[in-house]
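Same chain, two partners: chain A is paired with chain B first, then with chain C.
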Partner chain A sequence: MTNYKPAPWERNARLVFGLFLFTPVVFFIIFYIWPVIETIRLSFQSWDGLSPRRVDVGLRNYQVLLASPRFYHSLLNNVRWLVFYVLMPTGVGLGLALLVNSLSRGQGFFKLIYFLPYTLPPVAVAAIWRWLYEPSAGLLTRTLNEVGLGFLARNWIGEADTVTYSLMAAGLWWSVGFSFIVFFAGLRNLPLECLEAARIDGASAWQTFTKVTFPLLWPSTAIALGMSAVDAMRLFDIVWAMTGGGPAYASDVLATQMYDTAFGRLKMGEASAVSVAMLVISAVVIMPFIIYMARQVERAENDH
Partner chain B sequence: MIFRTALLATSILGLVEPALAQQASPIWHYWGSGAELASIESVIKLNNTNHPDTPVVGEVMPGNTVELRRQLQTALLGGNPPAAYQSAMGYEIKTFVDAGQLRSVQDVWDEVKGDEIFPDGLRRVMKIGGVPYAIPLNMALVSNIFYNKKIFSENGWSAPKTFDELKALCDKVKTTGVACLANAGGPFWSLYNFYAPLLSVVGPDGYFALASGKMPFDGPEFRKALKLYGDVYAANYISNWGGKTWAQGADDVVAGRAAMYQMGDWVSGYFKDVKWTPEKDYDFFPAPGVGDAVVIQVDALATPNGNETSAAAAKNFLRTAASTEGQAGFNRHKGSVAANLQTPDDIYDYIGKKTSVELRAAANKNAVMPNLFFLLPTELGTELGVQLERFAADPSDTTLESVVSTLETLRGEALAQNAFVAW
Partner chain C sequence: MITSNVKWTRGPSAVVIAALFMTPIVVAINTSLKAPAEVLDVFSLPAVPYLTNYVQAWHQIGRTFFNSLMITVPGVALSVFLGAVAGFPLSQIKGRVGFIVYLFLLTGMLVPYQIVQIPLFSLMRNLGFHNTIPGMWLVHAAYGVPICTFFMRNFFASVPRSMFEAALIDGCGIATYFFKVLLPASTSGLAALSIIQSRAIWNDLLFAMTLTNNDNARPVTVALNALTSGLQVQHGVLMAATLISVLPVVISYLLFQKAFVAGVLGGSSK
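Coming up: the complex of A and B.
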């Protein structure tokens, strides 16, 4: 029998952990932390993104931003998207998951159908919906005309009053698949004994849903809500590809304003100020969710 | 043994191929498909035949001017820009020159006699401080109104020559249940339509005065031009135009939902794609009010600093692009008019020939007007487009006041920063 001599790294678990962590930490610092710091620094400077020289301007970029009606309009649109994304894809996703879960046949087919849009790139989603929304001969307007509901037809993405809601419908079609699949997975993992107990106790379908199923689905709900909130705050692709933030800024969100300011107008400093504002606002909105999720994970680990 | 030899040969080929590809200097552009891609590829092919020692290869950067600019910013920061890239004119070039990122093309310009072969208005927007920094490939006119010939002939209408005639014609068109003018949403199309009323009020000199910050946006001339635009154009646009792309606007003309469409002459390419025949199904007339002038949109090629290994390739590519052969190849595919006026007319179809005649006449009178969007400081040009779209959707006095006030504030800021250029 030979004497086993552990290698130095085996004797020092911390060293092993450190070695494994080194690369991701370095990548995280270079590709995440450093750009954030650089963006904050740039928000106090004036730069066109091309010149080798940047000029320090103190708080001017923030003063310009806070005096700009466009910023508040974009922020309001982000809040609208936040409310919409938290309620609609989550609610519709839950409803679809309950429906599909109740089917005895064809679950695979409906899972595919409902999840498919989520696999499309947002730019493709925008192209499809731009075609659907064409106000004279688009599918939506034509269908409404054909069924005698032409009075409901609108200039879907061409009017300030309707554009954001039209974009939201496209966003819902695209994103509902994610909530659906999260809830569906949650439903499949519900403890059957609880549902059985409810049935034996004579609970109605509604009582079973509100008192048993939905409370037990809370982990899935938390994930769907959190991801929807993140999607709402970082929203860019669908808006930019469908309207560019127009008409006349009507559908602008903070990310499209930031992109237009940076690359359309070459004002990197002001665009960075928008980015920093986005970071702070997103943190305020999303941090409670992250803290909650971290506590849940900690509790689950302690339970084990 | 045979397998090993084949493997070795494949490996060697695999090494050689990228090495050869590396020799070809990249040309960045966003002519990503169809006739547009064929147009630039024809210039690249000609270049590689004429200059086999300095080959170039086209690389598509999907998107538009803004997207390409974003890619360039990154490449310039990383010290690895392309040999040459598709550029707009005027202020777009100035921004790169001010940042020290563009190479002068004076030697190629002198060699190809740029001051003789390109029209005056075009020369002005290729030069910064009197030095040329880009070679123009084409000119697309945005001051012509295309019309559905069937609708016109069925009703016995003829092309209007004044704004009063256009307005009267629109009244007649509307009685037939057809919209008078097509339009599309976004910051460009309403703005391009506005140039005709603007030119009719301020003339070519006033146009350049506005571009160089000397004419106020809240003065009587600009207000008058806006009102004229509101009365003649905005009041006669097809309903729901704000939700359409420019191609969907063209569909309105093809489908007979609108009679006319003031759009860049690339719309002729779209009409042909949907099997319309020039002269038979559609034609154009100059927008009333422009007089002898034409307003042009330009595609050019610029060469960035920082890639010295491809400097010779870039220079040869510019020579090819400026030549009549290069310009003929490019514009034959693209359907625009060659920037080099010595390019023979036989490359054009009916629309191209007519446009070329119109352009040469304007060039002889020094009335080739570059797109105002690219003459103004970048932010002001962009905001002008946004505000014109806003005014086109709601041409009321309240909106007019808000538009002129917004633009005048930005003009003041640009003046304070000394940002205007005396083109």
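Coming up: the complex of A and C.
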């Protein structure tokens, strides 16, 4: 790469490539870079979103935020979602992929079913699960009653101590298809020689999995974990459409708190302070993943 | 032997799990076909399919369903085109500059969309694009740039460079090569990306909530959300509306399952 010299016909390449990149880069600056800078600026101001006047308030928005229990509660919920999303869809997705991969018949059918929920709009998922969670006639309560466990039934998304777990179950159903398909593709691409060698050496199924299959699946695992972390930090639709962050902010995450503060209460400055907190936190969580992906791509191309 | 015992249970387990996965959808379909009096017994089947639910649901969200189509189709075309236009040079430029531009665009994948909503709302209102369908095209094209660029760059990088060089030696210009040779040869990549972009744009709730406020431009997701969180919920009508709103994505998934999966995998890995 270092001793690469442009051929004569590549002399105008720079200009043509520059023209190609112009529009996307301009879009990116207008719709990503500028709004982020503007949000940071707004977080030091007070504004109702409509009046032409924006008042500088220094650090007050951050002080208000750091003194409000709602913020810590949202943050804690994001952390819970992060832990849940990193462990559950990834773990269950891996399990399902191993299961389907081991079947001799019907792989296509099960793949179709397990991946289906991931294609649905989160709003539709929310509408369906709100009905399943309906406290008296919903499927969950009715099933518990039917098998004699009715005392366990509750107002699944109407009670503060169950609401986030109820949302997580819906989130798992919706998102597990992604990890499943990533692991399934990873399993199909495993070098058969390695598995064969392990079998000939007399490795048990468990040993084969922990010593051969799982390490070879690392690229798939990294993707599934990374994307789950991204989703957990961005989480909005499922919570907003199912509970709006309620009851009494119990299921709030940073994104719903921000949206409610901005467009519900028209406190753009405070909402921007929440945004900045989200940006910083997701940068810390997601940056290693982005760097890892970029390196992977570079390495893969240098191998060829 | 333990393993052979376990092996025997695999097929049945897969079937049971599949049944669990389908349960919410089956309940939704069943409920959508019930008369109001039947709805509250979730286990029962409808005496006769009660299609009035669908008529009422269509009455409430039909307009927004067309808005969604009008937003999604051009939105997908624009965003995929922008991704291809940005991905092509980035797949050819070797060395520092290309990599830095690429990383610069990729940082967009790190930005949670919520944090741009306030400035975006002001921007679109000042441009006169608030509550318009073309405004939604613009927004979805712009916010698709990172993922589409990432996807198309990696796709083009897998096209042999000799093809590019041969075309140039034959006297074909770079732009001509891109439009006449590379794009027509990349249909599988473009199709896969189009499918996942359709899913993303059709399913979007956040941008639509910020940027639309009535049925002139409101997509079906926002209308469904309003129905869901309404105080007086008619479960039969709501499930019918839900099923109508998922129909296009589910049909495209069933028809183009391969491209769908390829898109999901290509957008995250490679």
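Methods note: the second predicted complex is superposed on the first by the 294 of 304 C-alpha atoms of A that agree within 3 Å, B and C clash if a C-alpha of one lies under 4 Å from a C-alpha of the other, contacts with A are read in each partner's own complex, and residues count from 1 in each chain.
Definition applied: contacts are C-beta pairs under 8 Å (C-beta built on N, C-alpha and C of every residue); 3 or more make two chains touch, one makes a residue touch a chain.
Not measured: the values here are computed from a predicted model.
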### Message
Going by the contact rule stated at the top, is it chain B or chain C that touches a larger number of residues on chain A?
### Response
C
### Query
Just chain B (first), just chain C (second), both, or neither: which does A:51 touch?
first
### Task
Look at A:155 in the shared chain and tell me whether it touches chain B only, chain C only, both, or neither; answer first, second, both or neither.
first
### Message
Contacts for A:34 in the overlay, against chain B (first) and chain C (second): which applies, first, second, both or neither?
### Response
second
### Message
Once chain A of both complexes is superposed, is A:116 in touch with chain B (first), chain C (second), both, or neither?
### Response
second
### Task
Have a look at where A:263 lands relative to chain B and chain C in the superposition and call it first, second, both or neither.
both
### Message
On the A-aligned overlay, A:279 touches which partner chain: chain B = first, chain C = second, or both, or neither?
### Response
second
### Message
Looking at A:252, would you say it contacts chain B, chain C, both, or neither? Reply first, second, both or neither.
### Response
neither
### Task
Determine, under the contact definition given at the top, whether A:231 touches first (chain B), second (chain C), both, or neither.
neither
### Task
Please write out, lowest number first, the residues of chain A touched by both chain B and chain C across the two complexes.
49, 130, 134, 137, 244, 263
#### Entry: chain C to chain A touching residues, read off their complex
3, 7, 10-11, 13-14, 17-18, 21-25, 27-28, 31, 39-43, 82-83, 85-86, 88-90, 92-95, 99, 101-123, 139, 141-143, 145-146, 149, 154, 157, 168-169, 173-175, 178, 199, 202-203, 205-206, 209-210, 221, 224-225, 227-229, 235, 238-239, 241-242, 245-246, 249-250, 253-254, 257, 260-261, 264-265, 268-270
### Query
Which of the residues in chain B end up touching chain A in this complex?
66-67, 69-70, 73, 76, 95-96, 98-101, 185-187, 238-245, 248, 251-252, 255, 257, 378-379, 382, 386-387, 389-390, 393
#### Entry: Residue numbers on chain A that touch chain C, as the complex places them
1, 4, 9-10, 12-13, 16-18, 20-21, 23-25, 27-28, 30-32, 34-36, 38-39, 42, 49, 96, 99-100, 102-103, 105-106, 109-110, 112-124, 126-132, 134, 137-139, 142, 146, 173, 178, 181-182, 185, 204-205, 219-220, 223, 227, 230, 233-234, 236-237, 240-241, 244, 254-255, 258-259, 262-263, 268, 271-272, 275-276, 278-279, 282-283, 286-287, 290, 293-294, 297-298, 300-301
### Query
Across the complex, what residues on chain A touch chain B?
48-52, 130, 133-137, 155-159, 243-244, 246-249, 260, 263-267
